[in-house]
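Chain nomenclature is as follows: A, B, C and D, assigned in order of appearance, with residue numbering initiated at 1 for each chain independently.
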Amino acid sequence: MKKILTAVCLILVIVLNCFALASCGDSNSTETKDSGSAFVPDEGLTYDGSEVEITFYHTMGANLRTVLDKYVAKFNEMYPNIKIVHSQEGGYDDVRDKISTELTVGNQPNIAYCYPDHVALYNLAGSVVTLDSFINSKAEVTKADGSKEVLGFTEAQIADFIDAYYNEGKEFGDGKMYTLPLSKSTEVLYYNKTFFDANNLSVPTTWDELETLCAQILTIDPNCIPLGYDSEANWFITMAEQLKSDYTSAEAGNHFLFDNETNRNFVKRFSEWHQKGYVTTQEIYGAYTSGLFVAQTGTKSYMSIGSSAGATHQRPAATDDGSYPFEVGIATIPQADASNKKVISQGPSLCIFNNASQQEVVASWLFVKYLTSCVEFQAEFGMVSGYVPVLESVAQNPVYAEFINTANGGDNIAALSAKVCLEQKDAYYTSPAFNGSSEARDQVGALLQFCMVEYKNASDKDAMIKKAFEDAVAECEYMS
Amino acid sequence: MKVELRNLTKIFPSRNKKVGGEVIAVNDFTFTIPDGTLVGLLGPSGCGKSTTLYMISGLQKPSSGQIFFGEEDVTELSPENRGVGLVFQNYALYPHMTVKQNIMFPLQNLKGADKLTKDQMLERALEAAKLVQIDDLMDRKPSELSGGQQQRVAIARALVKMPRVLLLDEPLSNLDARLRLQTREEIRRIQKETGITTVFVTHDQEEAMSISDMIVVMKTGIVQQVGKPQDIYDDPTNLFVAKFLGTPPINVFKGNVAGGKLYIGGAAVLDVPGVSDRDVTVGIRPEGFNLDENGALVCELSNVEVMGRDISIVSKNEASLNPVIRSIINSDSKIDATAKTVKYSLKPHKVFIFDAKTEERIHF
Amino acid sequence: MVDSKQQWKAWIYLAPAIVLLLIFTVWPIINTLVMAFTEDYSSLSALGGKEFTYGIKNFQKVIEYKGFINCLKNTLLLCVLTVPISTILALVIAVCLNSIKFLQRFLQTIFFLPYVTNSIAIGMVFAAMFNIVGNTAADVQVVETVGIINNALGLFGIEPINWINAGSTYAANIAVMTVYIVWNALPFKILILLGGLQSVNKQYYDAAKIDSTPRIRVFTKITVPLLSPMLAYVVITGFIGGFKEYSSIVGIFGDKMGPAGDYGRLNTMVGYIYDSIKNHQGRASAAALILFGIIFIVTMINLSVSKKKTHY
Amino acid sequence: MAEKKTSKVMQERDMQKVSSVQKIEKIIVQTALYLFLGIIAIIVLFPFYWMLISSVKSLTEYNLPVPTLFPKQMIFRNYIDAFSTANLGTLFTNTVYVGVVSTLLSLVITVLSAFAFARLEFKGKNALFGALLATMMIPGELFTITNYSTVNDFGWMNTYTVLIVPFLVSVFYIYLLKQNFMQIPNELYLAAKVDGTSDLKYLWKVMIPLSLPTLISITILKMMGAWNSYVWPNLVANDDAHLLITNGLRGADFTVDDMVNYPVQMAAVAIVSFPLFLVFVFLRKYIMKGVSRSGIKG
């Protein structure tokens, strides 16, 4: 005991000494730089053809990497001196965690898959390159064959982006462009078309219709949960968007606005639905809702709201003769106002990191520009991944058009999903991104889930919901 | 309590599994230990003496044969029901308990009608401690005791439950020479005082001789000779027993018998009437020599050691199977220490002859 | 004995270890201390040029956080439950293993298996075994399956218990965590205790047998005291490990650290540190120092108790 | 003194009865022992069984709400997938290389330090040892960030050095070996001194052979560490040339259309666990000896 006490004293003495040194060092090294300001590339900067190596972190599986490699090769035909080194770093969170550690020593990649809140985090260090000056740049770059291209986007190229996707890159509260969309997905409503047809049910377009429909389905099959919803967070955020109530804002010091009457009301409404057995979610149910939807025995659901990219999981296993036990239908998710549809936009964007070498930055831009604006790549990547291309003109690409034409609720369900996504392209919305936006997302999801679960036992249900909202806001404030 | 062993045999599977086979540790041992005696099991290591002890304790089961305590067959009885006390070679005192706790431990296991109150236990423990004279060390831990003290605690622990039979496994081997002498007297005294039938194992013949009422000499699992210590010393049944007992050890010579005379190295040293002609091995106790100018046994003198009352003479002879011959002579005899040779005559009752092949004793 | 020659020689022997420890252990500890007293420190913000003041605000923030008490409670509760249970169970298993001959090695190998397996995989398996599939928290309930554990309990006529799903009770969650942590902790403890048992002189047991000692008494009066140094070791390391509990909860409940509907319910001290370490390194460091303080105090208590209780 | 009392005590019993009761009791106890151990063994084994069956299930079957206890269809392709998604040859070579080198160096450092603590006298020995033990109580996660920046400053990124050097010193191993060394009688050391044997020679000729089981245990634990390490290698050496087995398999593509392909991941976990399991089976004897000999005492 005495031994260890002495030891601790020893450590403390050493530490206190070093502490003094360290603090001196820190205060001296403070630079005169605005906190969290973004990196803006020099005006008139252009790629001079020098040899650079670009690293790119993503989460692509093997099949997608094959596609990427193919287009890297094509890119290198134009710019042979830009070497692209890309690596799969696990999931989106892994990419974020790795980069935020690497940033501290200046070891970050040049390009990475990102979600808006990741960019907000990186921006604390001012490490993400704003893209506006690149996009608008009229400077010229010489390709390997001697031809030239403009460094920035043309008007037509910008117009070709699906608006909501493109605008997501500007949701950081300062109006600047930080990211470009690579491929996107959304939520769609999968329904058991065979069952709907047999029972003469119509696909719900509003939440009111859905409520009636659930009651109806329960009379047909009492041992079912009519609707399975993948993500409570998406549900909450989408509802706030559909009902035009506040969720978050990018304005500093006033981020978390979701504690309001409208939001409390829909949370209460959905909690009641849950209690009535209308709806369940993946977490609450304890198994994939897609599994519930495709189940052939036991409990089933007849509708499932989930990612458009996961369409193949919403298809029942084929029988021995290759046919499916039921046909899947895909539709836009129910709305508050069927005339003003809102569906969430998710999926990776690309951001570029600041780097000592300006040539690396501009070369990164060239590659990002290539991936986001190349119609062939967007088409092929979309077909392989199940994600939706971010360019409107991809629909005219013959290969992709053929893909969409074959859409059905069986073998070509991925195409069907993509088709629905393309049809609702004007309905996409995105949320403000700031440091803490992912916390807000987690909290509202947990909040909706908490209320759905606790509703049964709470004596004063309104008070319970009110408290849950207050706690969620407090947690967001604390964690951001 | 009389202890009777009938045809006791213990066979172990051989340790070397690849070769297979088995090792006979104890072979057909029949012996009755009279009530209240102190018996020593004596033999070199690996002779089966410890195995025999463990079979009596019940820690090992005999392969065949029976064990009786009095008239009762205890062969199948497990050790806890035999009512024996066992003192281990390393004492096996519980290191985490005080002397008192160690001694009281067996008493706390008594059940039913035998159950004692705490005071009774303390009283019994103290009684046992007094018997081995450690009653002033009751609150010490074993690690705070000397080897001899630990030994006494172990004996007290074995005695405190008043066993029917007390068993001691090499009780003195972990003690230094002085303590050994003292402790063996102690064991003898305690045994006499309690009158408990006691069996102890030793490889030290001196120890066995000094305190035992009876000795069992064993070799490779087979009992060689059973008897009182002096009887065995005076009348060994074979060369092994003759060699194993006695300090200094017996002197052994190559010899032969011809015409009723015993020859060693060509010299007729003794008359052995009635023994037919053959090659023999001759054993002569160190005290079996007389200094005799006319003695037939001529040896080359190496050294003379005066040991107070006696003198010990170290000499050499071609026929000797030992490197040297050691004789003990009364110091009254005169010897010229500078002489080249020494001549001996022999005391017939201290000379044993054994068949050269079977090593069995040949009486004359 | 302390001559100057031995002095410098000792330091030469220790040099490689000390140099590496200074670089990779002591320096990080100092850095942690600095961060803990740098108010609202965040390494990314620091990179962005934000200036910080020094003070104890991080500690205040940690202690004032309402979830912190919850983390502390969970950590303590799991420690207090799992350390004794796993130690006793490991002891019983080790003693049983030590007293059989047939299949001893085989069983020993089996009991060591959890040690060589990836904990994430095992967590997934446990979660699946306790998982109830159904809308358990609704008035209108549709239950698909109650899980293997509930099926097994059903054989004894026990109603299915909602262990880890939406609407489950805190007690049920803790019960599952206890089972899982104990399961995870067993192999190392069995290994240490069995190793200890096998080094105990067999004569003590023979002596006890001769003295007609009942099995229970042999266990409590001989085995346990003779094993007390190993037991103390196992308990102390168990507590240190217990206070660092995190990954096992992730294994069962995922990184949300709680059942659906009540995320964070089972969060622990290290869980809090992990939550904060991404962007609130100041708070994370402060919390780590607080945790170190607690572990230190508990270890001291453990050591002084074991000094009294362990023998020789 | 006791003869009378003893006879009373001992002979009142019906010995024949005692003997048969004894036998029955023994059988019951043995049965109970095996039953207890058997049940625990099943509980211990079940998750493994689960891992193995999960590793041959299809993703669809794995995701069924009611899990199947035996796969309807064995898909051994999962193992091939797990293998082929990562460059297994390089992974194994890298891991073995890092494991062997770091184990050897670690052993040298551990032996030297443990010897200094166990046999040499120097000022501040106890305080230093206490300080080492205290570092074991600090949650190691906190070290990562600082160490990351340290190795970056050293320019060690994506080298074998960064995988080997930072974790060469383990206070736990030093502690274990020191305890072991302390049990070797000091007389041996003094005898060696008298004979003029150098410390190093004594260490090599006496201490090391005598504590071989502990050293083997440390070797195994260290190898296991190399086999299972994930967070640090993933951060500092994630290029193909230095990828370790766990990173290779975990980082490998187990996602299919946004969903983790757990069966393939389970197969990967099984593959990673298997060599460790073999090591334990074959070296069990040494591990047990090492643990018991180190004689851990408070």
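We adopt the following convention: a residue touches a chain if its C-beta (ideal position, glycine included) is under 8 Å from a C-beta of that chain, and two chains touch if they have at least 3 such contacts.
Please read all numbers here as calculations on a predicted model, not as lab measurements.
**Student:** Which one of the chains is closest to the middle, using the mean of its C-alpha atoms?
**Tutor:** Most central by this criterion: D.
**Student:** Counting only C-beta pairs in contact, which chains form the busiest pair?
**Tutor:** C-D
**Student:** What's the farthest chain from chain C if centres are computed as the mean of the Cα atoms?
**Tutor:** Result for the farthest chain: B.
**Student:** Could you give the separation in Å between the centres of chain B and chain D, each centre being the mean of its C-alpha atoms?
**Tutor:** 51
**Student:** Between chain A and chain D, what is the gap in Å from one C-alpha centre to the other?
**Tutor:** 40
**Student:** Give, as an integer number of Å, the spacing between the C-alpha centres of chain B and chain A.
**Tutor:** Roughly 90 Å, centre to centre.
**Student:** Report, in whole Å, the distance between the mean C-alpha point of chain B and the mean C-alpha point of chain C.
**Tutor:** Computed value for the inter-centroid distance: 58 Å.
**Student:** At which residue positions does chain D touch at least two other chains?
**Tutor:** Answer for chain D, listing residues that touch two or more other chains: 65-66, 128, 132, 134, 145.
**Student:** For chain C, give me the residues that contact two or more of the other chains.
**Tutor:** Correct list: 26, 29, 31, 43, 133, 144-145, 296, 303, 307.
**Student:** Pull out every residue in chain B that's touching 2 or more other chains.
**Tutor:** Expected reply: 78, 81.
**Student:** Using the touch definition up top, name the residues of chain A that touch chain C in the complex.
**Tutor:** Spelled out, the residues of chain A in touch with chain C are 1, 4, 8, 11, 14-15, 18-19, 22-23, 26, 30-37, 97, 100, 103-104, 121-127, 223-225, 274-277, 280-281, 283-287, 292, 298-299, 435, 446, 449-450, 452-454, 456-457, 474-475, 478-479.
**Student:** Write out the stretch or stretches of chain B touching chain C in their complex.
**Tutor:** My answer: residues 57-59, 78-81, 84-86, 88, 90, 92, 94-97, 105-106, 108-110, 141, 143, 157-158, 161.
**Student:** What residues on chain C touch chain A, complex-wise?
**Tutor:** It comes out as residues 26, 29-31, 33-34, 37-38, 42-45, 47-52, 54, 61, 65-67, 131-145, 165-167, 256, 260-264, 275, 278-280, 296, 300, 303-304, 307.
**Student:** Would you mind writing out the residues of chain D in touch with chain C in their complex?
**Tutor:** 29-30, 33-34, 36-37, 40-41, 43-48, 50-51, 54, 65-67, 108-110, 112-113, 115-117, 120-123, 125, 128, 132, 134-139, 141-143, 145-147, 150, 165-169, 174, 199, 224, 228, 262, 265-266, 269, 272-273, 276-277, 279-281, 284, 287-293, 295-298
**Student:** Contact residues on chain A for chain D in the complex?
**Tutor:** For this pair, the touching residues of chain A are 3-8, 10-11, 59, 61-62, 65, 87-91, 98, 101, 104-105, 107, 287-288, 290-292, 294-295, 298-299, 307, 309-313, 317, 385-386.
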